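Chains here go by letter, A, B, C, D, E and F, matching the order in which they are written, and residues are numbered from 1 within each.
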Amino acid sequence: MRIKVINGNTFQPMTDNIGEVARSVAAPTTEIVAATPSAGPISIESFYDEYLAIPYILEEIIKDEAEFDAFVIACWGDPGIEAAREITSKPVVGIAEASMYVANMLGAKFGVVTVLERAHNLIEHTVAKVGLGPRCASIQCTSLSVLDTEELRDHACMVLEGAGRKAIAEGAEALALGCAGMSGLDIMLEAKLGVPVIDSVAAAVKMAESLVALGKRTSKVKTFQMPEPKEIRGYPEHMQSASFHA
Amino acid sequence: MRIKVINGNTFQPMTDNIGEVARSVAAPTTEIVAATPSAGPISIESFYDEYLAIPYILEEIIKDEAEFDAFVIACWGDPGIEAAREITSKPVVGIAEASMYVANMLGAKFGVVTVLERAHNLIEHTVAKVGLGPRCASIQCTSLSVLDTEELRDHACMVLEGAGRKAIAEGAEALALGCAGMSGLDIMLEAKLGVPVIDSVAAAVKMAESLVALGKRTSKVKTFQMPEPKEIRGYPEHMQSASFHA
Amino acid sequence: MRIKVINGNTFQPMTDNIGEVARSVAAPTTEIVAATPSAGPISIESFYDEYLAIPYILEEIIKDEAEFDAFVIACWGDPGIEAAREITSKPVVGIAEASMYVANMLGAKFGVVTVLERAHNLIEHTVAKVGLGPRCASIQCTSLSVLDTEELRDHACMVLEGAGRKAIAEGAEALALGCAGMSGLDIMLEAKLGVPVIDSVAAAVKMAESLVALGKRTSKVKTFQMPEPKEIRGYPEHMQSASFHA
Amino acid sequence: MRIKVINGNTFQPMTDNIGEVARSVAAPTTEIVAATPSAGPISIESFYDEYLAIPYILEEIIKDEAEFDAFVIACWGDPGIEAAREITSKPVVGIAEASMYVANMLGAKFGVVTVLERAHNLIEHTVAKVGLGPRCASIQCTSLSVLDTEELRDHACMVLEGAGRKAIAEGAEALALGCAGMSGLDIMLEAKLGVPVIDSVAAAVKMAESLVALGKRTSKVKTFQMPEPKEIRGYPEHMQSASFHA
Amino acid sequence: MRIKVINGNTFQPMTDNIGEVARSVAAPTTEIVAATPSAGPISIESFYDEYLAIPYILEEIIKDEAEFDAFVIACWGDPGIEAAREITSKPVVGIAEASMYVANMLGAKFGVVTVLERAHNLIEHTVAKVGLGPRCASIQCTSLSVLDTEELRDHACMVLEGAGRKAIAEGAEALALGCAGMSGLDIMLEAKLGVPVIDSVAAAVKMAESLVALGKRTSKVKTFQMPEPKEIRGYPEHMQSASFHA
Amino acid sequence: MRIKVINGNTFQPMTDNIGEVARSVAAPTTEIVAATPSAGPISIESFYDEYLAIPYILEEIIKDEAEFDAFVIACWGDPGIEAAREITSKPVVGIAEASMYVANMLGAKFGVVTVLERAHNLIEHTVAKVGLGPRCASIQCTSLSVLDTEELRDHACMVLEGAGRKAIAEGAEALALGCAGMSGLDIMLEAKLGVPVIDSVAAAVKMAESLVALGKRTSKVKTFQMPEPKEIRGYPEHMQSASFHA
C-alpha cells in the first residue's frame, strides 16, 4: 500500500518530520511518501496562508494520483479536503478529523491544543466541519507559531503542557495535537499530562490504511462528484478539471 | 464612496451583469467597479473550483486596496472572505451573508435557491458559517449550472420558480438567490412567487455602503489580524504577506 | 425617504438622543422622525416593562403607517417586532438585529454589552430570535440601568469599557451596544477597546435605508400576514385589526 | 389550594370551558377560578393579538395576587409568562410548557397539533423557549381558527385527527393540544389516534398543584426579580411596578 | 393511588430515606412503596455501576406491575427508563427529568449539583436525554460519594452549598439535587442559597401522581412498544419478554 | 495483536458471522476471537434487550482482560461502551462509532440503515452519543428483525437496498449498516446503490487495530476512571469492582 502524506506548507524540514512520524506508525507493508507542495506559504497560520496553500496541496494529489492508494493532508484544518475528495475517488484523510476520531475513542470529551490565538476560529470551524462539536470540550491556543513547534521543540513542549492542563480543566480527557508541526511530541506530553495525546499525523496514517484495507472509496453521488470540466484560467494543464475526465 | 465588486469566477459577461445590478442599487455617490479575477475557473460549482478561485479573488483586493472604501465578494459561498478580512481593514461583504441578513429582516424563515445539487453541502456550510442556520428553512438546488443562470435567463427563471415553491412549502418566507449569476432575476421571481426574493449582489452593495457610512472597519484583535509576514512560494511579490506590512 | 424611529420607552430625552444619532448617519435624502410612544414605562429593563411597552410601540406604526417608508424599533430586544411585521408590509428593523448583522460583518464572533444582570436572559433570547447564536461569543451585563446610560454618560462609558474587555476576553471581536440609551458612546468605546463598537440605532437606520433602497417589503405568505380582523377589547379604534383591512 | 387559571383571550365561553376542564382534573381540595382578562383580543392567533393580550393577562395576576396559591396562563404560547414570574413569587405555569413535560414523560418524541399555519413560528418559538426543541418531532398547523376549536367541536376533532396522523408519521409518539380552545378534545382524539393526547389546560393544573404541594416559589435571584419601580405611563395605578413594592 | 418508588442502588438506608421523602409530599390518598432492587451495586457512581443496576431496577417494575399505578426510578440519571417504559404502559417517571421540569418552571435557567466529578458526563448526558440542554446553565460535581450524601448529611450540605453558589454564578436560578441520596437536603440548602432547590424524589412523586390523575399511559406506537418475545438467557422466567405478552 | 470481538446478543450463528467478517479484514498479525456473552437476549431490538445484555457484554471484557490488546463491542448502539472504557484501559471500540467515522471520511453526510422502526430513537441516540449528529443525514428503519438480517440474507439485502435509496434521497452519501447482523452485506449493497456501504464490524476491527498500533489507551482522568470498589449484590466475584483493583 502506498500513501502520500502531503504537508500543507512548503517548509521542507516539517515535511521530513511528518514523513518520519508517518513511517514510524505505518504497517510494514505501507510505503509512505511525504511531499512538500510546489508552492504556498512556509507555514499556515492565517486564513490567507491556508487559502494560498490549497491549490498546491491539491496539485500534489493530481500529479501522481494513480500511484497512490490513499492521501493524507497533513495540516490541522484539513485544508482543501472537500476538493481533494472531488478530484480522486481514493481515500483522502485529514489529520484533524483523524485525530478527533482517535481522541473520541479514548475519552468522553476531547480537547485541541494548537498554535496562535488567531487560529482559534479556524480550529473551531474545523471541529464543526468534521461534525464533532458536541464532543469537543476545549480549544487552547498558545503563543507558538507553526515554525516554533518545529524548531523550538523543548519550548513548544512546555507551552503545550500548560495548554493541555487548561484543556483538561475544561473537561478534555484526551488531546489532539492541533498542528502537523507538533508531530512527535505526543509521548512526552502524554507522560507529563497523564491523558492520551494524539499525534495527528500518526492518527491519519492509520485511518488511511484502514480505509484502504476496507476497500472503500470516496462517494461520488453528490457533493464529491468529479469537478465539471471547464476552463480554469492561469492554472497549468494538469490542474484543468477537463484533464481529470480524460 | 468607491466599492469594488469582485466576481468570483472569470466569466466576463457575468462580471458585467454583476456590475450593472450593483450600479442599479448603489447610491448616486457610490462608484462601483466590477472586477474579474486574473485567474481561476470560469464558473464556481465544485469545491475544487472554489479553492482555485480564492487566491485570485484575494488578489483583486490586494492590488488596489488603497483605492476603494469597501469590497464585495460576488459569489454565493463568500469564498475566501475570512482571508479578505485579514488583508484589509476596510469592510468586506459577501453576497451570501448580505442576502441572508436582508431575507431575515423580511420573513420569519428564509430559503436559498441555487445551482447544481452538488453545491448543497457548500451552501449549507455557508449558512452555518454566517451563523444563521436557525433561521434557514430550506435550501433548494436545481439542474442549473452557473453559466445557465447567466445565459439561459428564461429557463433559469422557470426552474427557480419551481425551486422557490418547494422552499416556500418547506417554510421559507423570503428567498435568497444563491448565485451571483442569478442577479437581476429577483423582480420576475418575486412577481411569480409572491414572496420577497433577494438579489444577493444588490443586498451586498447596500451592506457595504452601510458599513462605510457607519465608519466601521474590520476588527483586528484576533482572527482577522494581518497575516504574519512570511515567504509564500510561487506567488507574486504583491501577494507576499510581508508586502502588506510595508 | 422617511423613516420613523420608535423609542421603546417613554423617556423623551432618550428619544431625542436616538433621533440625533439616527440623523447623524442617515443619508441626506432620508428624513428621520424619532417618536416616543404615548404610553408605557420610562425605561425597559424587565420583561414586565417590555410587555407593557409593546402595544404602544406598535401604535406608533399604526397611527401614521402611510407616511413612512420604513420603521425602526429602537430598543435592544426588538420588542414586538414580529407583530410590527404583521401590521405593515413596509420594512421594520430592530436595533438588536441590525447591530448583530453589522458586528457579524466585522469580526469572527461578536459580543453584546448591556444593562442590568436581570436582562441577561432577555438578551440571550433576542440573539436566538435573530438566529445568530452561533456567532455570539459573549453577553456582558453591568450595573447600569437604562437611564444611567442616558444620564451618566461618563460613568456608563467606564462601566461599558470594563464589560467590553470581558467580552473580548471571551472571544468577541466586535461589540454591539445592547441598549438604545448607549447610542453615541460607540466612538469613545472603540477608541478605548480597539475593536469595532456598534451603535445599534445607527446600524438600524442604515439597514432600514437599505431595505427601502432595495425596494423590499415584508413577506406576507405565512407568519407575517395581516392579523385577522376581530374584536380587541379595551383598545382604541385605530388599534382594532379590522381597521387595518379597511 | 386556590389556583387562578387565566384565559389568554377575552372570549368568555372559552374561559368557561377552560374552567370546566381545569376543575375536572383538579384535586378535591383545589379551588379553580377561571378568569377572562378585562381587555384584549377575543382570540389569539397573530403576534399582534398576543402582544395586545399580555398586559391584561398580567393584570389578572396583579389584581388579586394575594388570594391565590398559583397561576396558570391558559394560552399555548405561554404569553407573558416571563413577566408573570417577575410580578409574583407564587408559581406560574404555562399550558404549553406543562403539556410538553407531560408528553415528554409518555413518548420518546412529542408533537404539537394546533391552529392556523401562521402560528407555526410562534409555536416553534414556544417550544424553544421551554427548551424542549430536541424532543419535539413535529408541529402541525391546521385550517382551524381559535374560535373554530371552541365552536365547531366535531369539525375541529376531525381536522386534529388528520394533523395528529401527520405528526405521528413524523415521529411524534405523544401529542400536545396546542390551543386552550382544544381543551376537552383529548379523550376523543386519543381513542382515534392510539397515542397519548395531552389536554394542555389539564396538564398545567396538575403542574401548578405539584409546585404548590412541593412548597416551591419562583426564583428571585436574577431574571425574575420584581420589576424595578418606575413610571409606566398610561397604565392604572395597580399596574405600576412601584405598587408591587409597596 | 399506589406508586412504587424504586431506589436505583441496593443500600437499604437510602431506600428508607427516599420512601420517607416521597411520603412527605404525596397526596393523602397516595400509597408510596419504596423498594430496593434484589441485586446491583450499593451505590451508583460509574457507568459500570449503572449498567449492573438496571436489570434489577427493571425487575422491580416487572414483579408486581399490576399492583401499582405508576413507578418512579429514584436515581438521578433515570437509569433504564426507556426500557421501563417498554415493559409497562403505566406511567414511569425519573427523578432527573422530574426535577428538571420543576426547576424549569421556577427559574430562567437551572443547574444541577451532584456527586463525584466522574459523573459529569453521565449527568450531562441525562440532561440531553430529557431534552432540556438549552435551559441548563451549570452542572457542578463535588467530592461527595453517593453514600456521603446519605451518611454525612452536614458535610454534604456544606459541600453542596459551595457547589450551588458556583452554579448560580454560572447562571442557574434554580437547582436540582442530582442524586437520590440528597433527598431531604433541599430546605436547608434553599435557606442558605436563596434560590429554589429541588428535591428530585419529591418532584418525581408529584409528576407521577399528576400523570395518574390525568389518566395518561405511556405511548405504545413506536419506541416504547412491548419488547418482542424472545429468549433471554440467564435471566429468570419473570424477566423473559415472552412472559409480558402472556 | 489479539482483539476480542464481542457479539452483543447470545445468538451463536451471529457471533460466527461476526468473527468471519472480522477476520476477513484484520491484518495477518491480528488474532480475532469472536465471543458470545454467557447470558442475555438472543437479539437486541428494544431498550429492554439492550439493558439486559450489557452486564454480560461487560463480563466478556472482564473475564480475560489481560489476554487481549483491544475489544470491539459488536452491536450497533455500542451498548455499555462507557462502562467498558471504565473497566479496562485497553482500547474499546464500538461498531456504531467506527462505522460513522469511516462513513464520515467518504461522504459529506452519512446515513444509517437498520432494523425495526422501534429502534429509531435508539439509533438516533447512538449517533448523538458519538457526537456526529451534524453529519448524519438520514436514519432508515425497516421491517427487518435482527435475526432476519442473519437468516434471510436475500430478503434483508432487498429491504436494505430500498432503505438505502431513501437515505440517499435524504442526503446520505455513504451508509453505515446499523446492525452487526448485517455484516457481510456491504459489497452487494454497494454494487446496487453506488455509494460506500460500511460494514460496521469490519470498520471497528480496523479502528481497534489502529488504536493498538498507535499505542493508545483509554483516558483515566475523569469519566473513565476505574469504578470505585464497592459491593455489587447478586453478581459473581469477578464482576465485583473491588476485584478490578486487586
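To be clear about the criterion, contacts are C-beta pairs under 8 Å (C-beta built on N, C-alpha and C of every residue); 3 or more make two chains touch, one makes a residue touch a chain.
What you see is a predicted model; the values in this text were computed from it and never measured.
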item: Chains in simultaneous contact with subunit B and subunit F; value: A, D
item: Both-way neighbours, i.e. chains that touch subunit F and touch subunit E; value: A, D
item: Contact-graph distance - origin subunit A, target subunit E; value: 1
item: Copy pair subunit A, subunit F: interface residue numbering same or different (half cut); value: same
item: From subunit F, the most remote chain by mean C-alpha position; value: C
item: Chain of greatest Cα-centre distance to subunit B; value: E
item: For subunit B paired with subunit D, centre-to-centre distance based on mean C-alpha positions, whole Å; value: 44
item: Distance from the mean Cα position of subunit E to that of subunit D, given in whole angstrom; value: 27
item: Intercentroid distance (Cα basis), subunit E paired with subunit B, Å; value: 52
item: Multi-partner residues of subunit C (at least 2 other chains); value: 82, 108-109, 120-121, 128, 171, 222-223
item: Touching pairs among all chains present in the structure; value: A-B, A-C, A-E, A-F, B-C, B-D, B-F, C-D, C-E, D-E, D-F, E-F
item: In the complex, subunit E residues that touch subunit C; value: 108-109, 171
item: Subunit F residues within the subunit D interface of the complex; value: 120-121
item: List of subunit D residues in touch with subunit E within their complex; value: 25, 27, 82, 91-93, 97, 101-102, 104-109, 128, 130-135, 168, 171, 173-174, 194-196, 198-199, 202-203, 206-207, 209-211, 213-214, 216-224
item: Subunit B to subunit A touching residues, read off their complex; value: 10, 38-43, 45-52, 54-56, 58, 80, 82-83, 86-87, 117-118, 120-122, 125, 128-129, 145, 222-223, 225, 227-228, 230-235, 239, 241
